[in-house]
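Structures follow.
What follows is a pair of complexes built around subunit A, which joins subunit B in one and subunit C in the other.
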Partner chain A sequence: MDKILRIDMGAKGGPKVSEGPLGDYAGLGGRAMTSSVVSKEVPPLCHALGAENKLVIAPGMLTGSAAVISGRLSVGCKSPLTGTIKEANSGGQGGIALARHGYAAVILEGKPSTDDLYKIYISKKGVKISVDNSLKMLPNYDLVNKMKAEYGDKIVCISIGPAGEMKLGAASVAVTDMETRPSRHAGRGGVGAVMGAKGVKVIVIDTADSKIRQPKDAEKFKEANRKFTEGLRSHAVTGQALPKFGTNVLTNILCEAGGYPTYNFKEGSYKDGAKISGETFAEIETKRGGKATHGCHTGCVIQCSGTYVDKDGNFISKQPEYETVWAHGGNCGISDPDTLAKLDFLDDNYGVDTIEMGVTIGVAMEAGLLPFGDGEGALKLVEEVGKGTPLGRILGSGAEVTGKAFGVERVPVVKGQALPAYDPRTVQGIGVTYATSTMGADHTAGYAVATNILKVGGFVDPLKPEGQVELSRNLQIATAAIDSTGMCLFIAFAVLDQPETFQALVDMINAFYGLSLTGDDVTALGKKVLSMERDFNARAGFSAKHDRLPRFFSTEKLPPHNLTWTMKDEELDQVYNW
Partner chain B sequence: MDAKETRGRGFEEKTIRISVDSKELPRFFPLFQEGVSVETDTGISVRDFLCASLGIDERYVEERISTIFLNGRPVDDLDTSIVGDGSVLALSAAMPGVVGATMRRGGYYAAMRDTISYRADENRPALNRGRIRLKLFNMILEEIGPSLLQAGVFVRVDSLKGALAGLVRDGFLEADSSSEYAGDVRIVVETLAGS
Partner chain C sequence: MDKILRIDMGAKGGPKVSEGPLGDYAGLGGRAMTSSVVSKEVPPLCHALGAENKLVIAPGMLTGSAAVISGRLSVGCKSPLTGTIKEANSGGQGGIALARHGYAAVILEGKPSTDDLYKIYISKKGVKISVDNSLKMLPNYDLVNKMKAEYGDKIVCISIGPAGEMKLGAASVAVTDMETRPSRHAGRGGVGAVMGAKGVKVIVIDTADSKIRQPKDAEKFKEANRKFTEGLRSHAVTGQALPKFGTNVLTNILCEAGGYPTYNFKEGSYKDGAKISGETFAEIETKRGGKATHGCHTGCVIQCSGTYVDKDGNFISKQPEYETVWAHGGNCGISDPDTLAKLDFLDDNYGVDTIEMGVTIGVAMEAGLLPFGDGEGALKLVEEVGKGTPLGRILGSGAEVTGKAFGVERVPVVKGQALPAYDPRTVQGIGVTYATSTMGADHTAGYAVATNILKVGGFVDPLKPEGQVELSRNLQIATAAIDSTGMCLFIAFAVLDQPETFQALVDMINAFYGLSLTGDDVTALGKKVLSMERDFNARAGFSAKHDRLPRFFSTEKLPPHNLTWTMKDEELDQVYNW
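After this line comes the complex of A and B, so read on.
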């Protein structure tokens, strides 16, 4: 990963390709790379769909190496959904494929002067860009099948569906998985709309003759990788719960805790939660001949994904994630697993964020467009998005726009981005992260990384009133660092509980790059990333007043605990004081 | 598959005894997600209920059941949390995500859900006999569900019908629409010898 590929889509005479050294971006990966480039090169006040915005696609620091579970891909830009800086993160094979061709980043710049649609083909021989208007409005699955027919099976696709072409706020960037299905998505913040604005339908990466990245110190790297793998496999979450039941294992727990937003955030527990739990999905998948345990990219040792098939064994979708099952399920009162899997597929196919789409449909249900629990109606609404009908374009623009269009007061968004599957009235600490994240409401912005091991900001006494703020701050710092490595965030559980596993991760980075980083350096990286993002947002016009949850969280009690959001504004304003 | 009725003592008069091949046991697991009831001493600590009443190994409780909810509130202290007649107790292994970590018993991030945490009630439930509704999730469901089925649990008839419907559909049990049951019924599920 010693070069950056820049493609100026607005160059005179057609797209212009240039490759250059890393320069100021040397040593960066993933979110650190995307946020550095956007922060430095994109005017914060630009229009997100304009020529000045840039779409930065960056593998993590360890992506493409033999490090287990290191295949994550970051996609960054100024977000058309939030207006803030954005990093959306995806699994799949895209990061590995780019890294093994030596690219630390692919940056799409400018804007074409015509409405032609382009495909970019990257191989060992170089980069080719061509107009292919036959791809217009193709859903992702059809698109990938067409690319396979054209370029063969040894390809990885990074693409947009119709939603991206229509530049909708919920549009995602799809990344193909190990089966070359476009089932993995950089979902949040409308990054697909920015790719659409660049006129790029798909980046096809030919993996032939690409090479695994080699560490500086092979022996130390191998040993650290072994210890890291052992740590993941021996932990109850990463070695057992996630492989067996997937992320949706959380449904029963959140329902029990009363923190599972139901019927557009009106209740905190879904009566039919057990019908759509991870346990139930795993049982269905196993019984029907699907897969309950499967990785989303090469080298994954957690294997929290799966394959969901119908009663006859035909593929419906990949195993839907917890957030997807929640957004389309409990949040909309839909309890049929088959319907939820179909919604997951439609989201992937048309290229929209499952969280944003599910929350948007919940808002539409609140507006009376269809009743809560209407699974068939929900499927039709996503079809409207795919077809680009006027209603579909409103829905595809996200929950905030839909709420305004239909006059809904209870619209669960922060900075224009839909809240994920944990109600902040029940788990007040995560509300701090939702409110203050540089990305808009984002559950992965403050993940469970071992702050007590990293000692970010010193040890925190969680029983003190300021504990919530400090925990959120430390989680956000650590998460920003992990997002830069290319590691899947799910490593956090093992790292949280096992200091030796965290050390193995640091050792792995050191052995790969020939460095001698400590936990403090990891912390410094996280702070640096957050500071850049925060600075970009400030220059884009964001201030403390935007770091707030919607008012209804403070005024409406959430059953069964009947709690409201009680964090004070002045406490929220302390998150970035370090 | 074999099912028969017996008369028993306790809150329910009838017990349905079911014998199944061991590989069919998971068909009954959804009952635990919705919750089954067990007859027990009440007014006792969660630890005593799990270890003394249900006979679960103390080390397993400490190390494996890392997430516990009592009446929808995350439990941190097994000894000061008291179960009463009608309590709902949910058991889970360690869970992913920041919120999963937040719910963990006595975990580092417990403060993030401080407002819903279980706190010992001044009005401690009286020592008595009663029923506790028990929910088992994820790994815990698979690991202690079978022994509870063997010991006998009370389930809602409608829920049981759902589990049995699958067995009827797949030819393990003959359909019988003449059920006289309503409300809760006690079931004992044993595995067939050699299965």
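After this line comes the complex of A and C, so read on.
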């Protein structure tokens, strides 16, 4: 990982490929890399779909090495959805494949002057970029099949669906998993629209002759990796709950806690929650011959993914994540697992963020476009996005635009990005993260649910404002660092609870790079990343006034706890005051 | 004008009407009134379509008196289009009718809990408010006919069309003219959507038994009014050009100057400009038996309006204004006057801002939805708005949302509001106004075109940045004051050039209210209004970073002068530094 690949899509005479050393970006990975490049090279007031924006695709610091669960791939740019800086990261094989070809980052720059669609082929022999208009408007699954037919099975694809080509705000960047399915997504913030604006449909990475990255100190690395693995396996969340039921283990827990946003954030517990719980999904998967325990990339030791099949054993989608099941499910009053799996597939296939899409359909239901609970109607709406009809373009632009087009007041977004699956009124720590994150509403930016609900890393009462700012602050700092390592964020459960597991992670980085970092250095890295992002956002016009939740959270009580959002603005403004 | 009418549309048991004295708002009119109320009573971070927003409808200080050309009606709120404070004002009879019933403001508050649609009937006997769901989705012209059938001919209507009911960002508030046609509009910023959110379709004002407002010093008032009238009649713009050719006299002038945005701001002069000039429209109108010289409200002494009829003499629309002819015409490459008049009518009928609508169609053309020059296609698009189809909802939400739905980079908006008919690259003073106005891009907020192009109030070279900030600042201050008097902004030409006409205006206000204001007091009023607005916007999250033009003005040269926007940000930031 000693080089950066830059492709100027706007060069005269066609795209220009150049490779160079890391320079100022040496030692950076994942979110630290994407946010550094965007912060330094992208004018904050540029149009997100314009030539001045850049799409930065970067494996984490440890990605491509033997470190377990280190395969995350960060995708960064100025977001067309939020207008802020954006990093969305994904599982799948993309990070590993790029890292093992030596790329610390692929940066797509400029803007083509024609409507041609390009594919980029990266192999041991170098980079080849070519026009392929036969790929236009192909859904991700069809696209990947076509690429396999063309380049063989040993490939990894990083691609966009029709939504990305249409440059819609909910468009994701898809990354193929171990089965070469485009099931993992850098979902949030419309990163797929920026890839679409660059005219790039797919980056195909041929994994032949790529090499595992070697640590500086192999012995120490191996030992740290072993301890780290042990730590993950011994923690109740990562060792038991996640492998058994996947992320969707949260449905029952959040319904129980009254923090599960239902019917577009009108209630805090879904009466049919059990019908769409992780337990139910795992049971269906096991019974039908799908998989309930599976990894999304090689080297995963948590195995929270799975495969969802129909009654005849045919693939419907990957095991839908908790956020997806919530967004399309409880949030829309839809309780049929098959329907939810189909929605998950459609989202992946057309290339849209499942959170944004589900919340958007909830807003459409609020507008009266279809009733809450109408699963068939929801499927049709996502089909509209794939077809690019006017209605599909509204929905594919996300919840905020949909709210504008249909005159809806209750639109759960912060900085234009849809709120995830935890109601801020009853999981108040995550409310602080939603409001203040540099990314718009984003649960992964500082997952206070861990401490508010799961009692990981201590306990802060989710129903009270006290202590939430400090909790969110510390988690946002830690997350910015973890997102830079290439590690799956789910390591945080064990790392927060078990000091020796955290130490093993630090040891692993030190052994890999020949460094002697301490825990404080990790904190410093997180703060540095956040500060860069915050600075970009300030230059883009964001201020404390944008670190707020929509007003209806302050005025409407959420059953069953009947609480409103009462966090004081002055307290929110202390999140970045460290 | 000694009372304020408040209607709480969200009161339990149905709308609650209350009338009260002016209190803190005594002596205010027009924009000073609307911006004072909004600034003081509306939480800046509220949702524009929510219960916390208020729609303030206020005649000017002199409206309803014998002062000539003083009939403007201001409509203010937090804008759903821009998120800023908003004041849009309109000609027509609405201001006069309200003022002569003694109302300094009508304030619509709260939000109904049902989908019922209300009409408000104001007469000498008081205020009556009732549900009338038979009015749902009626276009403005049909609505007014229905109201005339119900209440007789001596009424004035302030209403919304289907766009307002759908709460779309381009929705206007229509005001009937002297012929009781809903042809005058408070167009900008989606004020109609806020009226729609309040559930109010129409305010019908019965003019029977209403009284002209009397000045404190009748003699002095009469004399000042006479001098003022003389001043307007003796100035070349208000005495000759505007009465003869209407506002559209500007088409040839701006094409000549290279400042006429053509094909969605790609060129600065329209080859077919002469075909849609004010001269051409006046010729057609005169030949066919329409009217080329006409006032939009009683007491107008400029008479820049008119009536456009078809070949058989049937009414098509009022004489379309310059901005309308430009937005739908040169901006979209459409050069048929009949088509433009039809577009004007459709906009008025469905209740959308003609500037926002025309620029939006230009963006749709840029997206490839229809070719530039397709007049029939443009008519169909506006029909979609009226029908409320998904495509219509996109377009009716304005240029910014349309740009998002269709992935367009070149979207000419500031703070979400479409740029009017002067290219900032070659009329640089107006560029400063667009960027820095408290209202989003708005030519009327500080009409630097006067001095840049028409050489009124001196001359500042339109092609150079020098002097534009000071010019725009002074005009924005003067405009904020004029918008508070109820005077039509077109008095500014004579007021800027002729000190005695300005003095006559001040004398008129003094005689009416028994005051002894000087010119400095007028300036102070303007500054006070702007400061309030600016403060509201700051509390709503707007900062210097939002006082910028879209980037493409800085990167794309505009033929024929081949200039880019080169105004320095630091200079823009000096506009409010007085």
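Throughout what follows, the second predicted complex is superposed on the first by the 559 of 578 C-alpha atoms of A that agree within 3 Å, B and C clash if a C-alpha of one lies under 4 Å from a C-alpha of the other, contacts with A are read in each partner's own complex, and residues count from 1 in each chain.
Criterion: a residue touches a chain if its C-beta (ideal position, glycine included) is under 8 Å from a C-beta of that chain, and two chains touch if they have at least 3 such contacts.
Everything numeric here is computed off the predicted structure, so don't read it as measured data.
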| item | value |
| --- | --- |
| Which of subunit B and subunit C A:Ile253 touches, first, second, both or neither | first |
| Which superposed partner A:Phe552 touches (first subunit B, second subunit C, both, neither) | second |
| More subunit A residues in contact [subunit B versus subunit C] | B |
| Which superposed partner A:Gly169 touches (first subunit B, second subunit C, both, neither) | second |
| Contact footprint of subunit A on subunit C as seen in their complex | 43-47, 49-50, 52, 80, 111, 166-169, 193, 196-197, 389-391, 393-394, 397, 401, 404-409, 411, 539-543, 545-546, 548, 550-552 |
| Parts of subunit B lying in touch with subunit A, wherever the complex brings them together | 26, 29-30, 33-34, 64, 66-67, 69, 72, 74, 90, 92-103, 108-116, 135, 137-139, 141 |
| Sites on subunit A touched by subunit B in the complex | 235-238, 240-242, 244-245, 247, 249-250, 252-254, 256-259, 269, 274, 277-280, 283, 304, 322, 422, 426-430, 433, 443, 446-448, 451-452, 462-463, 467-468, 471, 475, 490, 493, 496, 560-561, 563, 566 |
